[in-house]
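Input: one structure, supplied below.
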Amino acid sequence: MTERLDKALPRHPFDDDKLREECGVFGIFGSKDAAPHTALGLHALQHRGQESAGILSFDGQTFHIHRALGLVGDNFSENSVISRLKGHAAIGHVRYSTAGGTILRNVQPLFAELSSGGFGICHNGNLTNAGLLRKQLVKRGAIFQSTSDTEVIIHLMATSSYSTFLDRFIDALRQLEGAYSLVAITPKGLIGVRDPLGVRPLVLGQLEDGVQILSSETCALDIIGAKYVRDVQPGEIVNITRKGITSMSPFPRLKPRPCIFEHVYFSRPDSFVDQKNVYGVRKRIGAELAAEAPAKADLVVAVPDSGNPAAIGYAQAAKLPFEMGIIRNHYVGRTFIEPTDHIRHLGVKLKHNANAGQLKGKSVILVDDSIVRGTTSVKIIDMVRNAGAKEVHMRIASPAITHSCFYGVDTPNREELLASRMDVDKMAGYIGADSLAFVSMDGLYRAVVGDARNNASPQYCDACFSGEYPTSLSDLAEGDEPRQLSLISIKIQ
Amino acid sequence: MTERLDKALPRHPFDDDKLREECGVFGIFGSKDAAPHTALGLHALQHRGQESAGILSFDGQTFHIHRALGLVGDNFSENSVISRLKGHAAIGHVRYSTAGGTILRNVQPLFAELSSGGFGICHNGNLTNAGLLRKQLVKRGAIFQSTSDTEVIIHLMATSSYSTFLDRFIDALRQLEGAYSLVAITPKGLIGVRDPLGVRPLVLGQLEDGVQILSSETCALDIIGAKYVRDVQPGEIVNITRKGITSMSPFPRLKPRPCIFEHVYFSRPDSFVDQKNVYGVRKRIGAELAAEAPAKADLVVAVPDSGNPAAIGYAQAAKLPFEMGIIRNHYVGRTFIEPTDHIRHLGVKLKHNANAGQLKGKSVILVDDSIVRGTTSVKIIDMVRNAGAKEVHMRIASPAITHSCFYGVDTPNREELLASRMDVDKMAGYIGADSLAFVSMDGLYRAVVGDARNNASPQYCDACFSGEYPTSLSDLAEGDEPRQLSLISIKIQ
Amino acid sequence: MTERLDKALPRHPFDDDKLREECGVFGIFGSKDAAPHTALGLHALQHRGQESAGILSFDGQTFHIHRALGLVGDNFSENSVISRLKGHAAIGHVRYSTAGGTILRNVQPLFAELSSGGFGICHNGNLTNAGLLRKQLVKRGAIFQSTSDTEVIIHLMATSSYSTFLDRFIDALRQLEGAYSLVAITPKGLIGVRDPLGVRPLVLGQLEDGVQILSSETCALDIIGAKYVRDVQPGEIVNITRKGITSMSPFPRLKPRPCIFEHVYFSRPDSFVDQKNVYGVRKRIGAELAAEAPAKADLVVAVPDSGNPAAIGYAQAAKLPFEMGIIRNHYVGRTFIEPTDHIRHLGVKLKHNANAGQLKGKSVILVDDSIVRGTTSVKIIDMVRNAGAKEVHMRIASPAITHSCFYGVDTPNREELLASRMDVDKMAGYIGADSLAFVSMDGLYRAVVGDARNNASPQYCDACFSGEYPTSLSDLAEGDEPRQLSLISIKIQ
Amino acid sequence: MTERLDKALPRHPFDDDKLREECGVFGIFGSKDAAPHTALGLHALQHRGQESAGILSFDGQTFHIHRALGLVGDNFSENSVISRLKGHAAIGHVRYSTAGGTILRNVQPLFAELSSGGFGICHNGNLTNAGLLRKQLVKRGAIFQSTSDTEVIIHLMATSSYSTFLDRFIDALRQLEGAYSLVAITPKGLIGVRDPLGVRPLVLGQLEDGVQILSSETCALDIIGAKYVRDVQPGEIVNITRKGITSMSPFPRLKPRPCIFEHVYFSRPDSFVDQKNVYGVRKRIGAELAAEAPAKADLVVAVPDSGNPAAIGYAQAAKLPFEMGIIRNHYVGRTFIEPTDHIRHLGVKLKHNANAGQLKGKSVILVDDSIVRGTTSVKIIDMVRNAGAKEVHMRIASPAITHSCFYGVDTPNREELLASRMDVDKMAGYIGADSLAFVSMDGLYRAVVGDARNNASPQYCDACFSGEYPTSLSDLAEGDEPRQLSLISIKIQ
C-alpha cells in the first residue's frame, strides 16, 4: 500500500472539451444513517467531480474517515466501509482536480485535530489568495499536508487567537478571497458557509424527521427523499447543532454574483439553482437561440447529453422535429487504448456515434452547450457529415468562452480557448460547420432571469464570457506562484 | 492470483428490470490492427454484455488470448495488453452471464488445441440440447473445462472423424439445436456462422483496404470506420481466408425466425438490424402505440435511455411535447451500498431522478420499452407522482412478455413475468398507473416490417410474447439438468 | 481478474545455484479438519516448491478447490478460504515450476469431471513419455487444459475402457514412464501411488483417531502431530476408503531406485527418508568428507542453511571448531532491485554476509551441499576472502553433478553444469578456492546406507552424478518436443 | 486506493515471544546510487523492523518519497520505484510498530516543507516527553499528520525562532527526552544525531569514492561494500554536506548508556556494536553461562536462529557436541490459519520442528537468548520432549527480563513478563524444564566488556533487567496519555 496512484484516472484521451466543475459538497446532521445518506448524496452530485470522493463522520466521540480515488459507487459500496463510518453527522465531497494535483492527500474532506477538538471541512470553489496566505502560515511554522488551497483555512483556524470553533472559523474566513461554499463538521455540529458573492451554490434541506442537510445541489436532496428548504445566502454562515439552526452574516455585505455557468452546464438538469429548474432554463436558452439564430433545416439534433434540453427548447421554438441523431455509448472505461496512427481518427466515436438512419441527406441543426477548445466539435461535425448529413448548422447554448475561471472550475489557459483566438466566422470554418451561432449575453440572461444583463438581478458572475472578475486575483497578481515551490518539492509516488 | 471473483460484478441490487442480451461477438481478418480494432468493436457492442470480455488473436504462428471480468474499456485499455495480442486476425466477445455462471473459465473466446491445430470460438445465443450432448461427450472421455454450452461445440469438433477444420466444424454444428451466431478463428482464417433460423444477428463488414469483419451489430463497424456489406444469412457459413470469402449453406433450409426483441431493446438505436435503422423502427413503434392507445396528457416522457426513441415517435404522432421528465445518473458504480430499512425505498433513484420542474401538476404519458417483472415500473411511477405529476399513463413499446427465452437471453422464470400473472388492468393497478397499454403484436410487426404478423416476412421469433418457440427444447424436455451435476461438483473459489 | 501472472515470482536474480525439487504432495482422509491439516502439511513441505500451492477437498457431495501462486502461508491463511474448503478428505500440492510453465492452469491439484465422477490428482515427479502420450490423446480428441505432464494421466483415465476409478487409474498408470509419486482423490476416498522405481518419496501416516495421511516427507506428519506408519513401497498403490487401507502392486516388479539427492539436499533435515534421519545422514557425509579430504584450518564454516549438517559432521570428525562464519538474511522479498553496473557485484550479499569477526586472518574450511553452475560459490568465496580469511578450502557434501535430471528436478542443461565442463582442479581455480574436494560416490553411499555403491541396497538413482538413468527417456529420444507446439500456441496473458 | 491497511501484517498468531527493536535508519550522501544503496542498506537492517519501509531522496531540487507497509524487498524491488527516487542523497527507515499505530501516515521518513525548505527525518528510539510536547504544540496551532512521537521534532523545528536548519534542529533536540538516533536530510545535506546517552546505535561509514553513510548497524555497510569509519558518539551531531563532515556536541555531556540488548538479541551477529563483533559477544555469553550453570547432558541445542551463537559458545566451553536439534521453517507467510480447537496446540510447529533423530533418548541443554512471556518456551520444550528427549536443561543467554523498555523497544507490560511474576524455580516448572538458568548480570557484562557491571565502561542501559531507567519518563509521570485523545479521534480506514 502506497500513497501513489494505483489506478488510472477516469479521464480518457478523447476528452469531451468541457469546463469542469471541480467539486460537490454534502453534509447531514441528526440522521441515524448519516454516512449512507452522504454516500447517496455524493452519488447524486457525482457529475460535479469524478476523480475522488470522501466521507467524514462523527459518532459523538470519534471521527471516522474514508477517502478514495474513483467514483462514489465504486468506493462506498461495501457495507464494511459504510458501517465503519459511524455517527449521526457526516460531511462528504466529490472532486475533479486539475492535472498534477491528483494525490490522495488532497482528497477531501480534510481533517485536523485542533486544540479545541477535531475539525473537518469540504470546499467547493477556489481561493484566489491561498498562495499568499500559505506563504505567511509556513513562515509562522505551519506544516502543510496537502497542496490544496483548502488547507489554508484549517491552519488559519488552528493559529487563530479566538477560542470557539465558530469564532476561529469566522476569523479564518475573513482572511479569504475568492469562491467558497464550505461544509464543516465539529464535535458540536455542522457549519455551512457561502462566500459573500455566493459564487458557488449551497442549499439547505430537511428530512421529515428534522434531519438537516447541506448540499451543492437539490438533486442530492431528492435522492434521499429530503425537502428543499432554502438556499444558503451569499455571505451567510449556517450553524447546525442539537439546538437547531442559527444563521449569521459576519462578512461585509456585497452584491451577489453567483456563477451563471451552473445554469449552462455544471448543475444537473433536474436540480433547482437559484430556485430555477435548470432543465427549464436550458430549454429557454434553446428558445432564445432559435429566435436569435434560426436556420433552414430538417431536424434539430443535440450533442448528448448536455445539449439535450437546449436542443429540445430550440426544436419546440423553431417547430422542427427533435431527433437523437447522435447516440452516446455509456460504457466508457477508465481509459482506452492509445490509438495508433492507423486508428487515431476514431477518437470521438468511443463516446458518440452518428445515427446515420436519421441524418442521411438531411440539413441538421446541431445544438451543444458550449465550445471550449473546439476539439470535440471538429470531430462531431465530421462524424455527422460522414453519416450523410447535407448541412450542419451549429448552435451553442452559451456565449463564447473567452476567459479562464479562477473560482473552482478547470478551464484551459486563455490562449487555448477557441473564442479567444477567432471570431465566429473563423470558428465556423475551423469546426467545419455550415453556420455557427452562440446565444447572446442578453439572450442568456433573459433565459435565466427574464431580463437583459444590465437589468438582471442578480448580476451573475459571467467572467468566462465577459472577463469581468468580481474579486481581486491576488495570487495571480503576485506574479510568481509561491505554492509551486512546495508543489514540486515532494512527490508521493 | 486465483480463479475466483475478486471484483464485484457490474450488477447492482436495484436492477432495471430488463431482459438481457447475453453476448456480442466480433471478428476481423487481414488487419494490421486486428486486436485494437476488435477492442473498439467490442466497446461498441458493450451494451450486449458487460460482465466480461475477451480477445483471441493469431499472428500466423501463435495464438494470444486475454480474457477478463469487467468492461472492455477497463481491461483492454493498457497498451501492454493490446500490444501482446499480436496478429492480423482476431475474434472477441462480450458477455452477460446468468447468475452462478460467472467464472473466468466461462469467459469467451474459448480456445483449444485440436489435432489439426489451434481453434477459438465466440458464441452469441444458447444451445437447447447442450446438456444432452455434454453427457454423451463425457461418457466418451471428454473433459470439460467450463460450464458453458459453447464448449460442447469444441469437443464435438475434437472428436469428429473428419479431418479439416471446416468439415469438423460443420459436423459439430449439425448436431446442435438452438440459437447460435458464431465467430471462429483457425490458423487458416475466420469463420462466421448463423444458425438455420437466424435467431441472433451477424453482419459482414469491410474496411476500405479489404479487411473483412464479422459483428453482431453494425454499430461496431461504424466505430472503426468500416462499411456494412451484408447480413450473414440464416444457415450460412462464411469462410474468410487469405484467398477471400466463400459462403456455404450446409444445413437443411428453414424459414428464418430472427429475434424481434433486437428491434425492441437489445440492439443499439444507431445500428441497422435486418437493414432497418433501429431508432427509426422504435419511433414507428411509438407512433403505432400513439394510434392504438392515445391518452389526454400535457407531455410525453421516456424512461431513459431505452424508452427515448419510442417516446419521441409517440410524441410526434400525438403532437404532444416530448420532455426529459426523468434524468438518468450515468455514474453508477459496480455495486452500491446495501440499503438499510430506513433507506431501502430509495433504490431506483440511484439511476433515475424525476425532473420535478417539468412534471409538477402535469398529466404525463410515460413510455418504456418493455415490462418484465414490473419492479422498476412501480418505483418509477411512484417517483414521478411524488414529483407532482397529476396523471401517469404508461405506454409500453412492446407486447406483454409472457414467456421465457431459451435462445441466449437472460429472462426470469415464467412465474416472475408480470404479464404471465396479471391482465393489463391488474398490471396498471400493480404498477400504479392511471392507464397502461402495450403495443399490439400487429402494431409491432407493422413498425418493423410494415405489415401485420400473419403477413410478415420474415416471421420473427416472438416467443417471449407468443410462447411459440421455433425449435425443440431438448434439455428442457429431459426434465433433469445433467449439467447441474458438474456445475455443483467443483467451485473455483 | 485475468489468468496472467500478476505477482513477481519468488525467484530473485541472485539465485543460490541449487537443484530444485519440483513438488511436494499431501493427502488426508477421515479428518474433521482435512483442509487446515493439508495447509499445515503443505507448509511443512514448502521447501519442495515455493511457486504455487493448491488444495482440493471433498465433502461427500461437492469438491472444493483453491489454487494460487505464492506461498501456502500467504494464500491459505484466511479463514474465509480454509472454511470454504469443506470436507473430510483433501489433497494438496506445492510446486516449483521450470521457467515458462508458471501459469495458473498448471497449478495442481488438477481436477476433472469424469463420467464416473469427480477426480483430483497431485503429482511429484516427471513423466518421460508425456509428450508422446499427449500427442496420441489429442489425435483421439482430447482437449488439454494445461501444459503439465500430469494432465496426461487424467485423459488416460477419462478415455479408459474400464469402469471403476481404481481400474481406470491402473490402466492409465501402466502407460506411464518416468517418476511419479501421486496422491489422488475420488468420491470414494484417497489413492496413493509410487512408481515402480520409487524415485520420489511418499510416506503413510496416521493421526491417533485413525485419520490416514499421505505425504512426501515425514516432517509434514510432525506438524499435525501424526505418526509415521511406513513408506509407500515402489510400485505400490494404496487405496484409502471408509473401510480402511488396501494395498496392491499391479506393476511389474523392478529393483527400486529412490533419488539419493533427497538425502543430499531436497528433504528437510528433520525428515526421515527411507527411515533414515536426513540430518544424521548429512552429518555422516560431512564425516566421510573430513576423512577423504582433510585440510589444515582454524575452523569449519557452512554455507547456510543447507551446508550446516555436513559442516557440523565435518567439524566433529576433524576436531575443529564449527563457527557461523556466514550469516543469512532471512528477509528476502519476492524480487529485488535490478542492480546497476555500480552495484552488481553486491548480489550474493542480499542473502549472505560474511561474519568478519570470525573470519579475519583465519584458514577456513567451507562446506556446501553441492555445486551446480558454480556461480554462487565464486561470490561466496570472494566474500569470505574480502572479510579477511587467509585460506579457503571448499568441501562439497555430494559428488560432482555432471548430468541433468529428468525425474521432476529443475536442473540446468548439461553444458551449464560446472562439473561437466571442468575437472576438480580447474573448478577450484574457477571458484577461487585454495583447495576443492567433493565427497566420493562410495563415501556418499557409505554415509547413506553404510556400504560402498556397488554393494548398496537400495541402489539409489544417482544419475545426476553418474549419468545412469534408470528409465528410458522416450520424449527425449523422439528428438522433437511435441508438447512445445501447444506450449507456444496459446498465451494466457 | 485508500489509506487503510490492505495487507495482513507480518505478525502471525504464534509469535515467538521476543522483544522487538522498533526501527532501523540509514542515510547516504554523495552517491550516484543513493536510493538503491539505501534500499540495500535497509534490507540488511530488516531484522530491526519488518512492518514498513520508506526512502526519501533529494536530487538537488526536488524531494522524492516512497513509503510502504511490508518488507524492503517487496516494495523497493521494482526498477520503476527505485528509478523515481532520484538524487545523490537519501535517507531510509524500517519500522516495527506497536499494535494500533500501524497506519501509513506513521511510516517514516517523515517530511515537511518548512519555511527554510524541505526537511525529512528518520528516527530510531522513543521520546519519553513527546505527549507533553505535542500538547503544547497543538495549543500553539500545530496540526499533526501522524500519531508518531517523531513528528514532534518537525513541529519544534517549524516553530523555532532560529533561522538555519541546523540551529532549528538543535533548538528542537534540546527539548527532547528519551532515546533517539536520527538521520535527517535537508537541501544542504545529511545530519546524524545520537541522543546524549547514546541509547540506540548509529555508525558512520564511507564508500571508497568518499560517499558518506549513516546506519544503525555495520551490516548495512557490508552489503554495499562500504567501510566502517567510527560510531557517532552519544550527544554528537554529525553534519554532512558537499564540504565534508563536521561534528558538534551541543548537549550537556552525560555518561553514555547504550542499550545492552543490542548485544543480546537486537543486532545482527555479523554486526560490530560498540566495535565488538556481536557473534563473538554472544559466544562469550554462552561460555559464561556454561561456567555459571553447567548441566550433565549429551548435547547442546539452540532455539534457532537467535540462540545459535550462545549455544555454540556454551557447547565449546562445556566440551559437548552442538547439534541442530530444532529445525526452522523459513517459509512463514504473512499470517496463518486461525487454529481450531482441534489443531491449536500445533502453533509453534509452524516455525520450528524438533529433529527427533537427534533428540530421542538424549539429555539436552537448550539455549535461548531470552525469555519474555515464556509462551514459546513452554511449547518448544514440550515439542523437544515429545520428540523423545530424556531431559531438557534450559539456559538463557541474558538475565531475567523484569521491566518494560520505553526507549524504542516493543515490550509487554510488566505484569506479562514471566520473570516479574515468578522466581527461577517456578519459571522452570512453568516452562516444563528439568532445570533453568539465566546468565548473571555480571556474566553478561564480562562477556560484553570484560568486567563486572560495577566496573564496566560504558555502563549500559540495562533497565529491562534492572529497572534502572537512565532518563526521566515524563509522559508516564503525567498519568494520562494526552496523545491517546487524538489517536482515537480519527481513523483512516
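A, B, C and D label the chains in the order they appear, each numbered from 1.
Convention: a residue touches a chain if its C-beta (ideal position, glycine included) is under 8 Å from a C-beta of that chain, and two chains touch if they have at least 3 such contacts.
Everything quoted here is computed from the prediction, not taken from an experiment.
Listed here as common contacts of subunit B and subunit C: no chain. Looking at the partners of subunit C and subunit D together, they share no chain. Averaged C-alpha coordinates give centres for subunit B and subunit D that are 62 Å from one another.
If you average the Cα atoms of subunit A and of subunit D, the two centres end up 50 Å apart. Centre-to-centre spacing of subunit A and subunit B amounts to 36 Å, using the average Cα coordinate of each chain. Counting only residues that touch two or more partner chains, subunit B has 75.
Against subunit D, the residues of subunit C that register as touching in their complex are 8, 12, 32-33, 36-37, 39-40, 43-44, 46-47, 50, 71-79, 82, 219, 222-225, 268-270, 272, 277-280, 305, 308-309, 312, 316, 321-324, 327, 329-340, 342-343, 345-346, 349-350, 353-358.
Contacts from subunit C toward subunit B in the complex involve residues 1-7, 61-69, 75, 81, 84-85, 104, 111-115, 117-118, 138-145, 154-155, 158-160, 485-486, 488-493.
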